[in-house]
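This report refers to the structure that appears directly beneath it.
Labels for the chains are A, B, C and D, by order of writing; each one numbers its residues from 1.
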Amino acid sequence: MIEAETALAKLRAISKTSAFNEWLGLEVTAASEGSAELQLVWRSEFEQYSGFLHAGLIGALIDTACGFAAATIAVGVLASHYSVNCFRPPVAKIFIAQGKILKLGKRQTFCRAEVYGDVVKDERLLASGETILITGP
Amino acid sequence: MIEAETALAKLRAISKTSAFNEWLGLEVTAASEGSAELQLVWRSEFEQYSGFLHAGLIGALIDTACGFAAATIAVGVLASHYSVNCFRPPVAKIFIAQGKILKLGKRQTFCRAEVYGDVVKDERLLASGETILITGP
Amino acid sequence: MIEAETALAKLRAISKTSAFNEWLGLEVTAASEGSAELQLVWRSEFEQYSGFLHAGLIGALIDTACGFAAATIAVGVLASHYSVNCFRPPVAKIFIAQGKILKLGKRQTFCRAEVYGDVVKDERLLASGETILITGP
Amino acid sequence: MIEAETALAKLRAISKTSAFNEWLGLEVTAASEGSAELQLVWRSEFEQYSGFLHAGLIGALIDTACGFAAATIAVGVLASHYSVNCFRPPVAKIFIAQGKILKLGKRQTFCRAEVYGDVVKDERLLASGETILITGP
């Protein structure tokens, strides 16, 4: 069993090694065995052409929340596939992404993430997605 | 029939309205009816934790190449789903994304994009993906 | 609010109009507003080459559970995309598929389904998947 | 280099070991290194509720065409994920599925398939899909 504080410290250390996560200002706000939560504070630099959060950044949140959820347990985590569902216009002051493992495998791990706007409730579920990660030594 | 120069000018104008595309330095390098090509010049700010192009940015390239391919013909283009396959470590000086329409529909348009590293050839195919766009008035 | 019994009767009537569902012996075992449950009793005719349930039939369960969940509320339901994750070897006497709506939209509805072997618990989660349905008049 | 006739004989032998493929009457009509073609002759038993080919059977065609394309080269092929795009009402006398490898990997192989109605041409492209297969010893 991995302690939440250990998992959180580990993910924050990983996130700091990614220049793009640093540019985003992505913050790891929670972690436990098999799950992770991220927060992204809105900046106008993130806009696509309608003024919404760029779909690539929704993907970045989903891919990262999934990868971090896997990294709390698995080693050698590398995304090989991810998908993104866009449910509502991605407009918020803070985007919250929650990732969790669906199935931990020897060779592949499946994760799922949800992206909320400002608060974690159904009416503010903006997007969801899934990631398949190659895991293992 | 839409002329290639008209399509290219239209997509470049759309891209300029996206603050995130501008930050990326994303350039629309070709367009014709139902297809579009983008280029992204590598900067170290784009790194994930292994020094590769961040998977979110691969998604941004795929989503944008697909959306731009659709926008050469369709109106009211809005991505509702996209997926990303990661084939090879995304390392290159220039990333080239080519998007095209698979099926133009009244209510939904399906597009597909490929991301190459430096040159457009099979051995440098880094990623592919598909996008479902809501289209129509 | 749709009553569970009304929803169940409606889905059973729809299922009977599908010759393939009838051949499968697919049974609608539960339904409520936005969700549906199916059961499929194993027969050796369903085998792929390793003796497991054929992946196409896992897809049939997911697509149908999602479509039926949507049909409890939406009109004009037509699947435009679905995906299937295979977690464990699909071996069971009874396959149970539970579908629910993730996001009901005017033009598109997103659903998700899980397929269990014999009992609905994490260790017997065999597969999951998502479906995008065109909905509306 | 694998000869086309050897690949075809190998795939036909595999297909015969699947009771469900036999019930479908699925025929392997072509194969070469990294690609495979299947044909399915329409029967009314395949209907979903509108009289179209059941979406699960579109998935079965895509999953099988992809798996067979991989099996011409790779060993230990097992589908872990597949997706299906539905472009047009799946109505035809003969459904033709063509699968090919997108990327052959040590641990994962990505394939893609297209399903046509009666003839292989753009206007009769009914569906497409992708499959991720675990491969390797």
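The criterion applied here is as follows: a residue touches a chain if its C-beta (ideal position, glycine included) is under 8 Å from a C-beta of that chain, and two chains touch if they have at least 3 such contacts.
Given the structure is predicted, the values throughout are model-derived calculations rather than measurements.
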Equivalent interface positions on subunit A and subunit B, same or different at half: same
Centroid-based (C-alpha) most distant chain relative to subunit C: B
Selected interface, C-D versus B-D, where C-beta contact pairs are more numerous: C-D
Between subunit B and subunit D, centroid-to-centroid distance (C-alpha), Å: 28
Centroid spacing, where centroids are CA-atom means, of subunit C and subunit D in whole angstrom: 22
Sites on subunit C at which at least two other chains make contact: 80-81, 83, 85, 132
Subunit D - residues contacting subunit C, complex: 14-15, 17-21, 23, 44-49, 54-57, 59-61, 63-64, 67, 78-86
Contacting residues of subunit A [partner subunit D, same complex]: 80-81, 83, 107-108, 132, 134
Partner subunit C, residues of subunit A touching it in the complex: 83, 85, 87-88, 102-103, 105, 110, 125, 128, 130, 132
